[in-house]
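Below you will find the structure I want to go over with you.
Chain nomenclature is as follows: A, B, C, D and E, assigned in order of appearance, with residue numbering initiated at 1 for each chain independently.
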C-alpha cells in the first residue's frame, strides 16, 4: 500500500485534453412495422433523419453502424462541439418520423480525451527545474499554458474525423479500485509505465485499428468509452486479447458490455430499413 | 483491524445537519405521441405541470433538466420541506395531463445533508473540557444544543436555492464496507482527515461547481446522492477524476449510475416537448 | 478461522420465535387510466379492495403506504396467521377491480421473528446446570419447552398491531458470508455480543422508531426483512447511519433496496387514487 | 492451497446418479383478462391444461404450486423421463388455451441427482483393495458396474413421486469458487466430511421436510436446484438457517433467488383462476 | 505476483486460429398469435425463413435448436464466412414474415477459435533454435508463416460442419482476473499446463460430446462462447462437473448463463410452430 495521495511528491493526477463531445445511441428497429411500410416511405424516413443530423452537425458528424445481435440494430455516434449540440442531435432523432420505429436500448455520454501521463511527468520536471513549486499559482499557471499549447498541437486528434472503416467495436471500461489492486492508489510513475507498455501494444496495430478514447467520469456509468475501427473485425479480438496480458489491463481493467457492428454511409440508412446490409461508400 | 466501535474513545458517528427533502424523478418522453399533438396542446401540457409544481412548492422549488442518453429525457428535482410535500409533488406529476407522455425510468429520495466531521470532533473536545462525559444526558443535551445553533448558522446551505447553472450531474454513492477496506470501521480521526483532504479538492473548484450532498440511508438504495451544477460540463469530469485519487474516494467510494443533462427554465418545458433544446433563462 | 461448527461447544444456532406471516406487495398505479375514471368509480375501486382485505384479515391486518419514487406508488403490508391466509390476501388483491390499475413492482415474503441470542445462551447454561447434555432428547425437549413458554410471554411482540406511525421504511438484509468476514462461522458468543451492541443503539431510538424484524430464509431472496415506523423520517437516516458503525453492521450487514413512504388509513385509499396525499387518521 | 487436481491421490469428482429430468416453469396470471371470462370458460382453460399435462406425463408427473409474491402466481414442476419429454411438456403449456393468460417469469432445467461422496470414497478403497488402479479401464469398468448396481438400489429416490405436502420452496445454488474459499480445490475427503455434516442436519428434519436435489451444471445458471416440501413453511426457515452454520454452507454455498408457495391438486387449477386459494386434496 | 508481462522471457499470448463467424440468436415465440394462424400459414412462415437462411448461408449453415425454459423457445446458430454474412443472416431473420412472432431474448457474437498454447510454446523454441529473436520482424514473419501453415492443416476444425447431435448446450465464459487469482498474469507455461490438463478431461468424452469454442473478446460481453453437442444431455453435466475440478476451471473460470435445448432439422421448424417437438432427421 502506498500512503495517502497528498504525501507523495510529484504529480498524482495526469492532465487530460478534451475534444469532441460524444453521444452513442443504440436502437432496435421495429421490423414488422417497417416492413408494413412502402419502400418509398422507408426511404423518406431514412433520408429525413440522415439529412437533419447532417444539417445540424456543424463541424461535427454522426457515424452510422449496423449492430450485430440483440443489443440493437442501429448505433448512432454523434460527435459535436458541446453538450448543447449533443442535446440537439438527441432531439433531432427523437422528433424524427423514424423514431416511432426505434426502440432505445443503450447509450453513452463522453468527451474525447487524450490522457497525458508522460507529458504530465515531463512538465512537472521542467517546471521544477524552473524553480516552480507544484501547487503554487505560478506553477498551475505555467502548467495550464503548456497544456493549452499542447492542445493546439494535437487538435486534430481531439477533433478528429470519425474513421471510415467498416467494423466498429464499442465498450466502456473502468480502472479497478479493488481492495488489493487499486489503480488510483498506485504511484504516478507506475501508472505512467503501465500506460506506456499499454500504448506499445496499441502501436503494433497502428495500421489496422483506429481508436478513439473518451472520458465519461461524471457523465456515464463507466470511466472511459473506447471505440475501435478496423477493416477486419478479427483484429479487435487480437488486439484486446493481447492487451489483456499487459499489467494495466490484467490487474486494473474492468470492462462493460461490448457492441460490434458494421459502419455504413449515411445515404445507406434506407438500405438497412429495407432489410439489406448497408454499404460503407468511400468518403 | 480496529476493535469494536464501542471500545474506541471519542466520537464514532459524525453529526449531520438536515435541509430540504429531495425527490429526483427521471422520465423518458413518449415522443411519437407528443409529436402527434398540436403545438398548442403540447404548450398546454407543459404549462399545466409547470404551474402546478410552482404553486405547490411552498418555499421549495423544482429544477428541470434535459437528460442526455437513454436513461431519460426529463429529470425533475423537487426540493421540499418534508416528505408530505414530496408526496404532493409526486402526485402533482402523476395526475398531470402530461403524465400520459412520461415513462418513469429512475428516481431518488434523500435529504440535503451537511456532514460535520470537524465540528463533531471539536465539540467532543470542548464538552470534555467542560467536564462532560460522552454518553451522559448532560453531554447529549449540550451537544444537541450546539448542533441546533450550528444549523441556524448554516441554514442557507441546508435550505439553499437550487443553483442556476446550465449543466447538472447526479449520482448516488456509498462508502465501501469491504472485507479489507471498510470505511465504517476506520477510526473517526482517519475518516475526518480523509474528508478534509476530499474537501480541499472540492474547494479548488469552488467557483466552477456547486454541489449538493444529500443523505439517503433508509430512503433509497445508496447512502448519499450528489448533485453537481456547472456552466462547463468538462469540469464534472476534471473534479471527479481528481477526487478519485484522494484516499476517501480511491479506497472507500462506490458509485452508482451517473446522469448528466442541461438545466432549463420551467417556462421552457414546452420547448423540450416540441423537440427543441430548452434554454436556461437568467433567474 | 474457527473450526467446523460441530466441534464448538455451546450453542451455534440462536433460537427464534415466529409471529405473523408477512407479505409486502408494491405496485405502481396506472395514473392515466385512473384519471380517466369518474371520482365515484375511483372511490368504488378503493373501497372494494379495502373492504375485502379488512373482511378477510382475521385477527391480522393490512397496512397501506404511499411510496416515494419510481419503485411504486402503493405498498400493502399484509400480516396474517399463516401462508394460506397470505395466499388469500394476494388473491383478494389480484381479483379486485382495482388490480387492472396496479402494476406489481416488488414483493417480500417473511415471518415476524424474534432472534434469541441471549436467551439461547442462558438456556444452554441452565440446562447444562441441570445435567442435561446438548443434543440429547432430554435437552432438546427441555429447550423446546422453555422456548414455548417464552413465546407465550412475548406473544404480543410476535403478533403485534402494525404501528400507526406516518413514515415507513422497508429493506431486506443478509449477514455477510464473505471469504474473510463470515457471520456464520463467527463464534456464538461473538455474534451474541455484536447483537447486544446492535440492540443498545436501537434502544436509544425506542420512543422514536418502532421496528419489525421478519425472517425470510427459505421464503425470499434475503435473510431478513426490516420494517421501521416513525413520525419523523429523518430518524430512519440517523438510526441506520449510527448502526452502520457497530460491528454487526460494519463488518457483517449486506443491504438490499430501500423503500420509503407515508402510511395512510385504509379509508384514504380513494384519496390516493384521486391524486391527493392520503392521511393517517388516529386509530 | 492444494496442488492441482491431477496430483492428488484418491478420487476428486464424486460420482452422481441421475433421475427425473425436471423443468420448473413460473408464470404470472393475467388477472384482469381472466376475470373478464365466465366461470365456465376459466374451468375449461384449467381442465384443458391439466388434462394435457396428465395425459402426456407418462410415468412422470407435474406438480402445481401457487406462488406467493410478485415472482409469479403459478409454478409448474414437470418431472419427465428425458429432455424430449420436457420439451413436450413445455409445448403443451405453450400451445394450451390458458397460455394467453400466462406471463413467463422464470424457469429452471435440471436432472434429479444423488451425490455419492461416501460411496465414491468407499468404492475407491475397495477397488484399490482388489488391486485395481484408478484411471485404468479395469477400474473404470468396475466402478461403473458398482454405480449401476447402486442406481438400481436407489431407483425409487431417483424416480420418486413428487411429495404431496402443502408448502414448496425452490432455490438454486452454487458451491463457491472464491479466490480464498474454493470448494472445487478443497480435498475430496474434506468435501466428503462437510457433506456428511450437512446431511446430519438434514436428517434431523427427516419427518418434517422432503427434499429433491437436482443437478443443473450445463443446463441452467446455477449448479444445483433444491426443492423442499413441508406441511409447515416455518420449517424451511429453521432448516436452512441451521444449515447456514455448517461449513459446507457457511463457507461454500451461494444462493440464487427463493420462491415459496402452496402446492395444490391438479383438479384445483380452476379454483386458482377464479381467485380463490386452491386446495391440496389427499392423493 | 509475477512481474510485468514485458519482463518475462518466452511467449505471453498464445496464438489463435480463427474459423467461422458465429451469431447465436435466441427468441421466444408468441404462441397465442401463432396459434391463431392456420396450419398452412404457420408452415409458410417456417419454410420462408428456413429457405432464406439456407439460400444465403453460402458454405456456412444455420443450426436450429428448441430451447428449454423461459430464456427462449428457438435458438438459431449462424455460422458464416464473415461479419457481413452474419449481418445478412440477421437481416434475413428480421425481415422474414416470421419475425412478427419472435421476441429476441439473447444473442452472442463470436468467431470459432482454436487456442494454440502448445504450438505457440513449441514454435518459440524452434524459432529460438534457428537463432531468431522474439519481437524481431524476422521472428514475427516466421511465426506467422508457421501459423498460416497450421491453419491450413486444421482448416476442417476451423470451418467445421455444425455437429448433428440432438442436444445443444451454450454458455459464455471468462478467465478470471481476480485480485488474487488472475489468469492473465499467470506465467505462460502454467497456463499451457492447465489448458493441457483441461484438454485431457475433454478427450475422455471425445465420442460423447462435440465442442465448438469461439472467441468473443471485442465482440460480446464474455471472452469465449462454448457450444457442446451430445446425444445424451446428462453428458453435459458430467463433463462440465468433472472439468470444474481442474485448475483452469476451479481457479480461473467464470461462467455466464447456460442455455440448453434440442437441435432439430431446418425442415421441422413448422412442427415447432405447431406446438409439437421437432425432430432431428439424419443428415
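Things to note:
The working rule: a contact is a pair of C-beta atoms (placed from the backbone, for glycine too) under 8 Å apart; a residue touches a chain by one contact, two chains touch by 3 or more.
Note that the structure is a prediction, hence the values are computed from the model and not measured.
The chains that touch chain C as well as chain E are D. With centres taken as mean Cα positions, chain D sits 47 Å from chain A.
With each centre defined as the average position of its C-alpha atoms, the distance from chain C to chain D rounds to 29 Å.
Multi-chain contact residues of chain E (touching two or more other chains) are listed as 179-180.
Taken as a graph of touching chains, this assembly forms a single closed ring in which every chain touches exactly two others. All chains join into a single ring; listed from chain D onward through chain E, they run D, E, A, B, C.
The touching residues of chain E, when paired with chain D in their complex, are 28-29, 31-32, 35, 66, 68-71, 73, 167, 169, 171, 178-181, 194, 197, 228, 233-234, 236-242, 244-247, 249-251, 253, 257-258, 260-262, 272, 274-277. Residues 4-6, 12-13, 16, 18, 21, 23, 25-26, 82-84, 86-88, 90-92, 94-95, 99-100, 104-109, 111, 113, 177, 179-180, 182, 184-185, 215-221 of chain B are the ones that touch chain C when the two sit in their complex.
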